[in-house]
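Down below are the structures I want you to see.
There are two complexes below, and they share subunit A, which is joined by subunit B in the first and by subunit C in the second.
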Partner chain A sequence: MFSVKGVIQTMGSKRTLNIWVVAIISLSLLLIGLFLHLSVGSTIMNIHTIFNAIFQIDQSRETTIIQTLRLPRTILTVMVGAALAVAGALMQAITRNALASPEIFGVNAGASLAVASATLLFATLSPSMTVYAAFIGALLGGLTVYVFASGRKMTHVKLALAGTAIHLFFSSITQAIVILNERATDVLYWLVGSLNGKDWTHVQVASPWIIIGLAIAFLLSRSFSILSLGESMASSLGERVQLIRLIGGLLVIMLAGSSVAVVGPISFIGLIVPHITRKLVGPDYSRVIPISALLGATLLLYADILSHFIVYPYESPVGIVTALIGASFFLYLVRKERLIKQ
Partner chain B sequence: MIRKKKPNLLISICGIILLAFSFISLGIGSISISPIDIFYTLIGHSSGNSFILFNYRLPRMIIAIIVGASLAVAGAILQIILKNPLASPDVVGVTKGASLFAVASMILLPNALTIMLPISALLGAITVATILLVFSYKQGAKTHSFALIGIALSAICQAGIQFFIVKFPDNVNTTLLWLTGSLWGRSWNEIMFLIPCLILLPIMLVFARKLEILGLGDKVAASLGENVQLLRYSFLSVSVILTGASVAVVGSIGFIGLVVPHLSKRLVDTNARRFITMSAILGALFLLVADTIGKGLMPPVEIPAGIVTALIGAPYFLYLLRREKNK
Partner chain C sequence: MVVSLLFLLVGCNSKEASNKDAKDVTESNSIKHEMGTTEVPTNAKKIVVLELSFVDALQGVGITPIGIADDNKMDMIEKLVGEKINYTSVGTREQPNLEVISSLQPDLIIADVQRHKNIYEDLQKIAPTIELKSRESTYTENIDSFKTIAKAVNKEAEAEKRLKEHDKKLDALKAELADEKGKSILTAVVRDTSFQGHTASSYDGELLENLGFEIAAKSNEAYVEINLEQLSTIDPDILVLAQNEGKLVIDDWKSNPLWKNLKAVKENKIFVVDRDLWTRYRGVISSEAIGDDLVKQLKD
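Take a look at the complex of A and B:
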């Protein structure tokens, strides 16, 4: 299959970095981020304390904090960041649209609507039921945009506008539910997307879906790069286009849905991380998917660290931080006209 | 196509429907008033209902008409100028900017004069529009970058709004009601803020021809002796002011500016004056209907008008998208 590889590589930009350099740099950024993330909180801890708390479990206060509060939060951050970034990368491969991402495609908004209505309909909602509700919502939102707004004639901009309008629609229903119901504030806080107060149950609920989703995405990465070449090219290379599309869509719903169910709709990770990744390592998805996962996890880690300092000493929801970072980067991309090839 | 042959007739019919419906809407609410009573009260016979009618229902109806017309015209202008059928003040971020500033003033200056709210909403709309223009200026305000920049700005404003909601949870219900857009409790005081709309709407009718020329494309417009950039920016500012003033009074009501221009484009021909008139009438009718449904469906509970417009507007929008796709 050297020809396929050749095609994929020649369609990449001229200056991509060596995959290993990128991988090592992002891994070390991730590791530094992990330590910073564990050490920052209402009290700042040094590396020594963190190591002790993780590996030599004693009865100290620090150990309790790390074991019950910070470790699950850090693990969840890494998983959700990776899941959202890979979901975005998959969507961009399936639709061949540089603007495709869980938030533009209504997946986040749909999942939010479903979770909000489920929370208010059933007084006691178990975390795993939340995930299923989010899956249904994500499917609904994604399908709406896909059925109504994607197609050969839809330019990137039209898709973005359509997605935004559908997003507005879903969020106004969510607002209606919140307004007409008393138990509003919890859902509202959740709607912003926050990692605050997540514990091991949340990790347990989300991790199987995310880990399986990431693994399948990685295993099928070659098919996704062929798919991103276009339908006719892909089928002439012997790829079962519809099947791969379907699997890709299901993976997106698994990854984005379970993330939204646990931490709320965190935006822009799925849009900008695949862009940065492709810029760094080229369009080959067997590289894009793992590097996206790494960079997505890293970005969300640092965003969550930043969220402690926006209104120090109070913590702000991480969704606000990613929206600010992501939207600014998006503005930069638009100005560079990288997104717009009409 | 028959209907396109008699656009003036169609516009008059819609106008009459609007009049009739505004009369009906006066009677609907937590206390229903019969049309005969309304008629007698309006021509001067005082009755038990005159207080409700003159102090609540009448201003509310007038606000619905002006705001609906303004939002629809603002959307129509944007769609012509940006040559993008999916553009509208709410999608492009102007509404979100107005909302962010309004929420900030509601929460940070709770004791300020009531006049602060509309002023800050207008300021927000203008700020976002200015940033939008500055950013897209490099590309000569080209249509697609304009839309994408609008989406990004709107996300930033949304983050700001959420920050306020999370940080100040005490005021959350007022804020939310306002963010959804509602005509509840509006009175004569608020109509004052709509004066810019009352001035700009007729002016738009006068200058509709220029808008039509602009819609033909930059080159054609320039060869007809128009200053394209000046024209575009003036129309944009009209659109921003219409949106800002409307959002200031009723909150961020969505989908009117997006959906109504499409409907009126299908009903009348390409003549911009008729298009604008039709958009204004249908916009007013849309908001009036939405508000009436909202207050009449399960009194005394009111469904905010913004939710009703979204519920009606979004399916129609999806249908439009589908047509756009199959074209």
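Take a look at the complex of A and C:
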């Protein structure tokens, strides 16, 4: 019998590491990251204080800091990191394009535009409304790029060009809104992407979307794998290509949209993490999606820890750190992999 | 196309202006400033300024500018000067309108070195331009700018007199604030998602230090982003807040025990102040007004 697994394994003929080794190493990195992230702030706390604060409720200042400020920020960092990385992996599967990611695809720029205009138009916008605005914007951005890039054959070059153009177009409208508005400095800060000052309210707003989005992505990961083989191959294997694509697109909007709504368009996580993951575990999406989630969370944790040290002990947006890491990685990718083949 | 036309227009105007200058003005002063040295006619009367602190400086030597980059907010200028004055708005400080500036045919333009570095050449074509430190400048730099402006408009004697008065005023304020000497203070701009503390290297930080306070936030950066955790670590005696309208980040903080345990909160030493005065104007007159405001807030 024709085995799906076989096809995928032959696809990933290159040397890859054992999935369990990768999983255990990334999990330990994540755990260390979690501890460091909780430990570093205006003061450094030791592991004893952190455990005390989490498991023994007392009235001390450290406990209050951990419980009301650091813990929600850490949880949000993990969720957003995972969400952005999985969104990127899904986009690369749907489009079969290594360059696809929420930022290249205009999803982040669209969501940013929508959130920026919504915040400036309606002074009292509830956080959950911001999320809906981000969804609409993300959908709009993604669709626009898709329409321009698809027609006949969607090549890497076409996608990159259309994506960059739409990204710049949306960003310039956002800029215009920002320049013409009094209260814009707020939005400017948000546009860099920052986890500073996020508390349980933000966790509450983003978590349902991110958790449901990630769960569906994990469940359907096998289908995305087949999708990445190409349309004809996928339909010959009995997959309903259009339906899977649609679900994938909706997941991307849910994951990237809710992240952008809460923490701003943190860049490059969605692009670099799936890449690293495929390098490590091969192209099988039932592996790529969970490992991407793990590595995305880990990367954003460490980036946020680094962001503390830019103007220590004060805050700097984590977007600066991810942009620095991401840009250098992107250039490396372009040189190394000769992405633009067609 | 449009841009080149604009330049042509600006070029023509400046030619006219310089022709006129050649007829009317014979003498000029060399003024050293952030972008070089500029020859400024000694009897410069029509002055356009592109930052608020320059309005303050000119006011200090008894001159009213004919054009101000006022962000199209006449009442902000009225509040700064203390009365309604006659001037033409030349647009925003961020992007002043060169066409309007040129139509005013000024004798002198005073611009901010940070915001207007890139249009220095264009401004020079319109009229003699000096660029000085204003935005994100320290208190000392601001006083230096005041002196340079006084020299440029040939009012050095007046400026010296004004600065003496200023020192006397600061001494008087210091005496009034003697009880508060050595207390730590933090000024912050509060917005929807950010709480930006002004450090000892900021304009108002340096001013408050001169008045005998200790600035709670220290950094080489003038402005730093502070969250509730850091605020509770710094824990200043006095908290001065310049707030945005609408939703504020501290609205969420107020229910947190960390906020309730702040010294400034417990002792009711939180003051919400005018944002224009405390963070936008800068200058000799405004710094005295800041001091007066603080005395008033602390005594109430």
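As a convention for this text, the second predicted complex is superposed on the first by the 331 of 342 C-alpha atoms of A that agree within 3 Å, B and C clash if a C-alpha of one lies under 4 Å from a C-alpha of the other, contacts with A are read in each partner's own complex, and residues count from 1 in each chain.
To be clear about the criterion, a contact is a pair of C-beta atoms (placed from the backbone, for glycine too) under 8 Å apart; a residue touches a chain by one contact, two chains touch by 3 or more.
Fair warning: this is a prediction, and the values are worked out from it, not measured in the lab.
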item	value
Subunit A as common anchor, with subunit B and subunit C clashing or fitting	clash
Larger contact residue set on subunit A - subunit B or subunit C	B
Which of subunit B and subunit C A:316 touches, first, second, both or neither	both
Which superposed partner A:268 touches (first subunit B, second subunit C, both, neither)	first
Partner chain in contact with A:179 - subunit B first, subunit C second, else both or neither	both
Which of subunit B and subunit C A:65 touches, first, second, both or neither	second
Contacts of A:331 with subunit B and subunit C, given as first, second, both or neither	first
Of the stretches 26-34, 62-70 or 134-142 belonging to subunit B, the one that collides with subunit C	62-70
Overlapping contact positions on subunit A, where the subunit C interface meets the subunit B interface	179, 185, 189, 311, 314, 316
Residue ranges of subunit A touching subunit B (in the complex, touch as defined)	99, 144, 148-151, 153-158, 160-162, 164-166, 168-169, 172-173, 175-176, 178-180, 184-185, 188-189, 191-192, 267-268, 311, 314, 316-317, 319-320, 323-324, 326-328, 330-331, 334-335, 337, 339-340, 342
Subunit A - residues contacting subunit C, complex	41-43, 59, 61, 64-65, 68-70, 119, 123-124, 179, 183, 185-186, 189-190, 194, 196-197, 199, 201, 311, 313-316
Touching residues on subunit B, where the partner in the complex is subunit A	84, 86-87, 90-91, 135, 138-139, 143-145, 147-149, 151-156, 158-160, 162-163, 165-167, 169, 172-173, 176-177, 179-180, 254-255, 258, 301, 303-304, 306-307, 310-311, 313-314, 317-318, 321-322, 324-327
Residues of subunit C touching subunit A in the complex	94-95, 191-195, 197, 217, 219, 221, 224-230, 232-234, 244-247, 249, 252, 256-258, 261
